[in-house]
Amino acid sequence: MTVLTRKARPVAAGPPATARTRRARERAWALAFASPYLLHLVALTAWPVLASLFFSMTDYDLMSPPTFVGFGNFSRLLGDEVFWRTLGNTAYFAVLFVPTQTALALLLAMALNQRLRGMALFRAAYFVPVVSSWVVVAYVADSVFNPQTGIANQVLALVGLPAENWLQDPALVIPTLAAVAVWKGVGYMMVLFLAGLQAIPEERYEAAKIDGASAWNRFRYITLPGISGTTFLVLVLTSIETLQSFEQVYVMTDGGPHGASELTVLYLYRQGFQFFQMGYASAVAWVLFVLVLVLTLVQFRLQRRWVHYA
Amino acid sequence: MRKTLSYLLVLSGAAVMLVPFLAALGNSLKSFAQYIQVPPVWVPDPVQWSNYAEVWERAPFGIYLANSLVIAVLAVIGNVVTSATVGHALARMRLPGKQALLTMALGTMMLPTVITIVPNFLLFRSLGWLDTLLPLIVPYWLATPIGIFLMRQTFLAIPRDFEEAAGLDGANPWQVFWRVHLPLAKPALATLAVFTFTTSWKAVLEPVIYLTSPENYTLPVGVLSLKGQWVGNDQLVTAAAMMSLLPMLVVFVLAQRYFVRGTMSAGLKG
Amino acid sequence: MKVRMLAAGTLAVLALAGTASCGGGPAGEPGAVTLRLGFYAGAGDPADTLMRELVKEFTAANPSIKVQLEVAPYVKFFERLRTQIAGGQAPQVWLSDGVLVQEFAARGALADLTDRVRTVDAAAYSGLELNRDGKGRVHGFPQGAQTPVLFYNKKLFAEAGVAEPTADWTYDDLAAAARKLTKDTNGDGRPDTYGFRAYSPGFTESWWPIVKAFGGDVVTDGNRKVAIDTPESRAALDWMLAAMGKDGFAPDYVTTESFGKGAVHTLFATGRVAMSYGIYARTLPAMSAKVDFGVAPLPKGPGGRGNVAIVNSWVVSKAATPEQADAAWKWITYFSGEKPQSRWAELGEAIPINKKAAATALPADRGPVFLEALDASDTLGTNAVWSEYTEALAKRVNEALSGATPVAEALATGQKEAQQVIDRFYAGQTQ
């Protein structure tokens, strides 16, 4: 808050051009330029973090004032099997989704990096799902995974396999969702990898070729270290995002069948906005927040072992 | 040999990307009877273009479209302007605690949005902004961490001499920013603009929480609401979904290089 | 809280500077009241159309009251309503599913109607008492009643040469008839017509009455104790599983689900099933589809018929101004009158709660079956966390009905999880 009160004063000050006042004026300008973000920090960072911590220790149904319950919500969380199941679902989804998308994106990026003709066109094709909203993707995915009319079962029938129920099968719903998520996100990640690949100097490959290094060894000792920085960034950002997946399941399955695809943030949304338990929803948010934080920190620690910055 | 393999991979990948869209497009042009026909018909017969007209007739689609546009355009203006000023302050100005701010911006980029859902709802409720478009616009007017990064990098790369060369001695910092630096940052601004547009256009969670009157619905929420209303008319909802994609596709085709540039330079997510 | 105020203040300033405000309070001429009225119906449904007509007649008779309608299909309506309640923006009067009245009331969202209800002649309406809570307060006024009975397709029965259901039918009779009614006409190995619809995502017309008919129970002790994990309930679910599995006279879980949400209610109207449990509102789609159908009492099981009822009710928001609350009550009294109630019943939408209308407006063949079922009915286990605990329970029961989990395991888990929900809410409450 001191920051904010300080900003107003120097702007009003007069123009004498001594070095000190000039510096003060510069500082005032800088603060004015930065003020949107200062507000952002107060209203959209500090407030939510502190408020949700406070609400996580209350019972709050949005109509009567919150009542303090200490760690009651957290101890309830510990015994809430549905919450743990949503966390399990989320982890399962992430474990399927993140590595698959990363591997496929890298593969495609390496293929595209061959200076293929029509590269821009291909890149665009892979980007269309990226810019589509989940509502659109839900209908596009239905044309593939509808058990009666979808492409997927037609393809299975062609090769003589029995039809599957995809999103209606509790055992298949998460893998199917992960497949759709990969389909939607792979283009974005591919472009990131492409940027990383293009930053690797061509001479390194030439030199390795002259030394007689095999294709695998060139990949292993030049490409992989060369893009490890990109990979790290990509992994951190996608893990953070994946643990918070909401829109996909909200639009495509609403957590069904029988809660088999209920992810933690969907659970949070329903506890808070449908069952009026904002305190409990905030506790769920904090647990997830801490998990994301821990995971991010672990990734940062591990990066020393495998990330090479050129 | 390697090129052929690569082509094969990339081509089949592109097919996997696009065929589902074509199938959905096909679905949107069928009659309902054909839509649910087993085994499925791939090419609608007859092609029912009237489905699209029917969506316009039966749903306030124009209102959804207008809301989405208003939100996206204002979000773009807000984010571009404020991220640029903040980025400028961090790159080119004498700002106390600059390093700390930068670190905090990095930190908030890692802050899961899940933590903000409940408090922001309460904040906007206390402001009386629920069921208005404001909660979907105003946050963009407070600069986004990712935009700040992008703009800071851009402004850092502009050589110092430009300020002097521009003959703006004695000009105030706003004039320097506005007349010298901003014009040089146009590509980055465009990149930030398309990414903000995409993020805003695609949003589902926030509109679902903040908008309750159909006259305030954005396209995704509007299309979602049709799903419950038009039971037995899924071909129409599919048509509505396809139409909601169209403006985004236009922006994408026109500004493709900025999407790619943005992704490459900052890891922005659209 | 300082942070919050600061944040609020700065954001407000920014908003004024940056964008045009989209909000705005309703302002009208003096003496006029604007009433936001919510109800659920599919757009363009006959029910939607009739409700709009009734509202128009009401405002014509009460020119000082302006009504703004907020209409959405069932699921969307209540999802949106909950968000509106959370944001303090609920309509002043809305049609609540009967099972949700207690839930909204317990959160302090509803005006207390006890005093107003005292002014009406209690003997003229049914369902009034179902809205009274443990403390004797009333938060809703009946709009229409729903109770499931057995719908059957007369044409399909005649074609198969099966005798129509009677009041003496048992579950064995039902199964025997259903088996004869199941037909695979195109020879693809899957029936095109099924004898009976057993599974539905809506349990009111599916496992709830069946569990009760088999002598099981869902909740007891003033609806605070989940008691479904019993041999009787297991027998009920086993019967349903057999119907969808080895007996094959009912579409199975996946077939039903892949028709899409909402489509389950059209199975009977489209002749895909010859028999189905249906509430009164299902007569509307059946009549629109011109199905020649009859209704019979639910078959008897070891535990009776298992009749359950829901009394959908008008509720008034606690946030309504006194003028709006008065206007809302006027609307409620208008809707409960004999004429609107009769028209609503003739449409096939609900059993009238106005007894005079119930005596005259129900079709002679179907009316008595519904009224008798209504008289014999229990509530659907309503309490303050109804949607949350029934959802927890239904998830597990459906898991069993889809064959994904053994019945015994599903019932045990479902009972435990549903009980957790109830205990959580009532633990801190003396009520």
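Letters A, B and C mark the chains as written, and numbering starts fresh at 1 in each.
The definition used in the following text is that contacts are C-beta pairs under 8 Å (C-beta built on N, C-alpha and C of every residue); 3 or more make two chains touch, one makes a residue touch a chain.
Keep in mind the model is a prediction, meaning the values are calculated, not measured.
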Both-way neighbours, i.e. chains that touch subunit C and touch subunit A: B
Taking contacts as defined above, which has more of them, A-B or B-C? A-B
Could you tell me the distance, in whole angstrom, between the mean C-alpha positions of subunit B and subunit C? 39
When the C-alpha atoms of subunit A and subunit B are each averaged to a single point, how far apart are the two points in Å? 16
In subunit B, the residues touching two or more other chains are 121, 123, 141-142, 208-209
Expected list for subunit A, residues touching two or more other chains, is 39, 43, 47, 51, 148, 272-273, 278
Two or more other chains in contact with one residue: find those residues in subunit C. 4, 7-8, 11, 14, 83, 86, 88
For the subunit C and subunit A complex, residues of the former touching the latter: 2-4, 6-8, 10-11, 14, 79, 82-83, 85-86, 88, 107-109, 254, 257-258, 385, 387-388, 392, 395-396, 398-399, 402, 404, 416-417, 420, 424, 428
Touching subunit A in the complex, subunit B uses residues 2-3, 5-7, 9-11, 13-14, 16-21, 23-24, 26-27, 35-40, 82, 85-86, 88-90, 93-96, 101, 104-105, 108, 110-123, 139, 141-144, 148, 172-174, 177, 198, 201-205, 208-209, 219-220, 223-224, 237-238, 241-242, 244-245, 248-249, 252-253, 256, 259-260, 263-265, 267, 269-270
For subunit C, which residues are in contact with subunit B within the complex? 4, 7-8, 11-12, 14-15, 18-19, 21-23, 42-44, 70, 72-76, 80, 83-84, 86-89, 260-263, 266
Subunit B touches which residues of subunit A in the complex? 23, 26-27, 29-31, 33-34, 36-37, 39-41, 43-45, 47-49, 51-52, 55, 107-108, 110-112, 114, 116, 120, 122-136, 138-144, 148-151, 154, 183, 187-188, 191-192, 194-195, 233-234, 236-237, 240-241, 243-244, 246-247, 250-251, 265, 268-269, 272-273, 278, 281-282, 285-286, 288-289, 292-293, 296
Which of the residues in subunit B come into contact with subunit C in the complex? 58, 74, 78, 121, 123, 125-134, 137-138, 141-142, 208-209, 212-214, 216, 225, 228-232, 234
